[in-house]
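Got a structure for you, written out below as structure tokens; questions coming shortly.
Naming follows writing order (A, B, C and D), and every chain is counted from residue 1.
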Amino acid sequence: MFKDIFRRTKYVTIQSAPAPKRTTAVGTRQEPKTVKKELPDGLWVKCPKCGEVLFIKDLEENARVCTTCFYHFRISGRARLALLADENSFEEWDSEILTLDPLEFPGYEEKLLEAQEKAGMIEGVLTGRAMIEGVPVVLAFNEANFMMGSMGSVVGEKIARAVERAIDLRLPVVIFSTSGGARMQEGILSLYQMAKTSAALGRLAANHLLYISVLTDPTFGGVTASYASLGDILIAEPNALIGFTGPRVIKQTMRQELPAGAQTAEFNQMHGLIDLIVERAQMRSTLARLLRYHQEGVQHGATV
Amino acid sequence: MAQLFEFEKPIIELERKIAELQKFSAEKDIDLSREVETLEKKVSLLKKEIYGNLEPWQKVQIARHPERPNFYDYAPLLFDDFIELKGDRLYADDQAIAGGMALFRGVPVTVVAQVKGKDTKENIKRNFGMPHPEGYRKALRLMDQAEKFGRPILTFIDTPGAACDLAAEERGQGEAIARCLLAMSGYHVPVISTVIGEGGSGGALALGVGNVILMLENSFYSVIAPESCASILWKDTSKAKEAAAALKFTAQDLLKLGVADEVIREPQGGAHYNSRQTADELSAVIAKYLVRLRTESPEALQEKRYQKLRAIGPFQEKSI
Amino acid sequence: MAQLFEFEKPIIELERKIAELQKFSAEKDIDLSREVETLEKKVSLLKKEIYGNLEPWQKVQIARHPERPNFYDYAPLLFDDFIELKGDRLYADDQAIAGGMALFRGVPVTVVAQVKGKDTKENIKRNFGMPHPEGYRKALRLMDQAEKFGRPILTFIDTPGAACDLAAEERGQGEAIARCLLAMSGYHVPVISTVIGEGGSGGALALGVGNVILMLENSFYSVIAPESCASILWKDTSKAKEAAAALKFTAQDLLKLGVADEVIREPQGGAHYNSRQTADELSAVIAKYLVRLRTESPEALQEKRYQKLRAIGPFQEKSI
Amino acid sequence: MFKDIFRRTKYVTIQSAPAPKRTTAVGTRQEPKTVKKELPDGLWVKCPKCGEVLFIKDLEENARVCTTCFYHFRISGRARLALLADENSFEEWDSEILTLDPLEFPGYEEKLLEAQEKAGMIEGVLTGRAMIEGVPVVLAFNEANFMMGSMGSVVGEKIARAVERAIDLRLPVVIFSTSGGARMQEGILSLYQMAKTSAALGRLAANHLLYISVLTDPTFGGVTASYASLGDILIAEPNALIGFTGPRVIKQTMRQELPAGAQTAEFNQMHGLIDLIVERAQMRSTLARLLRYHQEGVQHGATV
């Protein structure tokens, strides 16, 4: 059983830890409506990989992973949090920072309202602290339902604050990325959020604190080119698409046909860019193990 | 003669008329000096009118002008000495980024710049100024060395964006850019970033984490190319002009938004009308800021750069 | 049954005879227990004789035995937990080097190891244990992280040498190895390097800059492969046996030369006869040194490693 | 004239500095017989690149660079020193460290005697301090005539000492490499000289002192994989062959035909491994410029 993990080359699968508890995130100021929001119309959905028709109830109960082929469907930040954090351990931070429209960009205010309605949150990232298997950690989750996880000034600010607070608290940071990139509607201000978040992570690193970046489907553009790539450890979910330039743009501008499997987590790992590919069911236990390795002042029953 | 833009044609027509008048005057030996003078005043006014009120889209055209001076044009005008250093020590030497050591007004500095080509052949060599990961890793290597030896860093931004092909993806374009951002934000030496042409998205930002961010008058610095923005917003790339206005990416916009620290004057009509004059303006403004930054302690340089980044991007906070 | 060497055949023949005798004894119901006992004693003596006096060339054969345990065999026996981490973040994940984090007797450590394959297919995947630059850069990345987080580093050496193809040259094999040497020499955490099989030249040394250098009894660690040495010295690769003796590269030689700190016992005949037993010996010896090193200050760890390196290589100095 | 250097992509050629003075290295304890030793039989030699027949006297006067095609012939360490250092500025270090034969390796003692005879020095590296255009610097030169510049214990020791003394003196270091690699006859002890020299350079770097590595024809093996690759700045001479594995070994073991120009300085620069290719005639002035950039506490007539 234990031996298996040395031989499997593709994914790390750990049987030693208990199955993830489906905890409910509490201590938050908003109702976690997001899981409901994700349900497509009707009672079933077709798996894009194996074609199997899945009952949505079964899919949700399996953390939105295909029960047949283990294809990983997208999942909201709050649903992830529920899969990862110890019960009642989450404390949300900075939930009340509101986005402005500094460029008075055409249609931005309407887009924001739409996104808030769709995602059930006022901006595209959820931050706070929690425990994972008893280990305290600072967490951030990009929200795909909010303007495709794009990074505007508030997303940048919330991530920078979370990282700075982790330094104050001497805690590790885990960020789950999912993003189309920078947020066009905030122009250059959005672009510089890449620098802002990277700068904060630079300070975290200078403080010898751990940062684990988890890349989920899809992670592109300005987020890939900033905090998502700066983890001490980079984890990806299976079949997640990860890259700098989106495949459609590469095809259009370069007239270059991408090979099958390009920009998948597995492609990125082959090219040396990802440490670990971890299935959603093992994410909690894997993070717990990695966090424990880095816990300061904690003895692991050392006999050496 | 530089390639002309549509909006410059009234000026050129008037100038042609003056030339005709002068020729006629000379041939026929008729004194038309007052008429010529009047017309010249008119040209001068027209230039001020046109060049002084360029729309964002017109600035984009100037910034992308094929004869716009690039880093290699400015280097001998800006520096007393320049030694180009090559390679990322890992994979290749990317010619879309040039770097090395220079003497700037007697001060040893490290210089890193994106470089577009001037003709098709050179553009192919330089990938149209779009760096691959090896370019950013070369930049990082050279900037890290500047930090090691306590040398100020001058970066010059001029790129449509980072390379967006499969090779760039394979070699970690995102990682390469992100590493530049993290490293630059932490340096203890003065970093001055100047946009000299096109500042295209993350590929430009990778050299843009300065204590001071300067922009040439007709440069622009944008999160996305106006054509792509138009295509996303209105499914119509021909609306790039509208997108250019919406994105607020001119030097003047960035000054207002608190991202740029100063706009550097260009000769009337753009830098390509006089690269020496542009270099002189560049030199003077860079020198002004470098003097200031050199009085700061290493810790202050890092801290102030960090605080500058932290302050970019407004938001509203509910009091709880 | 493991593949047998020529020098092991007398042992096997004797063991076969004992088996025949026992079979005969059982079939005919004749008591031959005293004869069997005598022969078994003889086998035991013969084993001591043969395995206790292996020549360097015979050790080379054992160290290269296709069934010799590799890092992946030892890892689950040595560690309570192991998480493999991949990639150099630049170009590729080289499978000739494995690395990651492990719990060694409750202590979080960073582990880096060269890995040969066990069959042709695996050997192609792992390039016969010959790392490319991306392998060394992965190792460097992981070791740098260990330094960042103050974790001890355990390296396991098992390679015929660094990859020696055009691709390795193109991507800077020399630079990649040199960076490992420089980085390892400067770490402030305990570094323990263990040669578990073949220690081939610079490609092995890249993981060999430890505070402590350990060697399995039948491993060897050489500046050059004996075959290549024979080819250079005597233009005759068949004289590898003589070269093996001249190069003084066995564990016992390195102990005498002051390079190795301790030789770790293997089961009679070699590690491939009992990988669990070998792992237990490995674990005990590594633990012994790790205990000692963990009492040292970061500065002392660096300084003592430096002094250890400085002391390798004798010379004579004329008094002036 | 000055502009040229911005346009030339291959070599940096600097006309601004005066032509290198041919100084004689003094303050050394041995006669510099080496230049004489390098002369092949007869009065002329054929250029391997352009085929031109060159009078040896002309070749020597041109610093052993082909007067027709600029092909760079090999040159002894002492001859290099004479081309580089200011007159009377060289102080040799550690010239009396003798090599032992710790492995009692067959034929090693004879090989050493032969090499000493051929190179006119007792070991394969020359170290010391000097001035280049008035800038003080620590110098080391591998000697190709001494067992193909191979690195034994004495070579490692002398380089490590030179680097350590540079740290004490707060001086920059310039090492000219030329080597077939480690010295087989000293076995593992030779191999660890790679670690020893790299460790010393690590301390130099930690002291923020400049190290310029100049790679000359040929540089391979253990020297490429240690100090030769660790320069803040890597300079190569034109047409120098540089690599880890020698071309013959690659061809034999990999059955791989190398493309034309593989492992040349130019090939290495294209692959990102070399900062500058500098012609021998410009070496002195280029080094002087680079050293001046890094001189501590020296003002360069700064107006900023």
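Keep in mind that, in the parts below, contacts are C-beta pairs under 8 Å (C-beta built on N, C-alpha and C of every residue); 3 or more make two chains touch, one makes a residue touch a chain.
Chain by chain, the UniProt names read as follows: A, D = Acetyl-coenzyme A carboxylase carboxyl transferase subunit beta; B, C = Acetyl-coenzyme A carboxylase carboxyl transferase subunit alpha.
Just so it is clear, the model here is predicted, and its values are computed rather than measured.
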Inset, instruction - State which chains count as neighbours of subunit B and simultaneously of subunit D. - result: C
Inset, instruction - Please indicate which chain is farthest from subunit C, where distance is taken between mean Cα coordinates of the chains. - result: B
Inset, instruction - State, to the nearest whole Å, the distance from the C-alpha centre of subunit A to the C-alpha centre of subunit B. - result: 35
Legend entry - Gap in Å, rounded to a whole number, between the CA centres of subunit C and subunit A: 40
Legend entry - Chain centre separation in whole Å, for subunit D relative to subunit A (CA means): 51
Legend entry - Touching two or more other chains - residue numbers and ranges from subunit C: 89-91, 171-172, 175
Inset, instruction - Could you check subunit D for residues that touch two or more other chains and list them? - result: 205, 271-273
Inset, instruction - Make each chain a node and each touching pair an edge, then name the shape: line, ring, star, complete, other. - result: other
Legend entry - Pairs of chains in contact (touch as defined earlier), listed by label: A-B, A-C, B-C, B-D, C-D
Inset, instruction - Would you tell me which residues of subunit C are touching subunit B in their complex? - result: 89-91, 133, 137, 171-172, 175
Legend entry - subunit C to subunit D touching residues, read off their complex: 162, 164-166, 168-175, 177-179, 181-186, 201-202, 205-206, 208-209, 221-224, 228-229, 232-233, 246-249, 253-254, 257, 259, 305-306, 309-310, 312-318, 320
Inset, instruction - Within their complex, state which residues of subunit A touch subunit B. - result: 96-100, 102-103, 105-107, 152-154, 156-157, 160, 182-184, 186-196, 198-199, 201-203, 205-206, 221-222, 224-230, 243-245, 249-250, 253-254, 256, 258-259, 262-263, 271-273
Legend entry - subunit A contact footprint on subunit C (complex, rising order): 72, 75-76, 81-95, 101, 103-108, 134, 138, 145, 148-151, 287, 290-291, 294
Legend entry - subunit C contact footprint on subunit A (complex, rising order): 2-3, 5-7, 9, 12, 16, 205, 208, 210, 232-234, 269-276, 286, 289-290, 292-294, 299-304
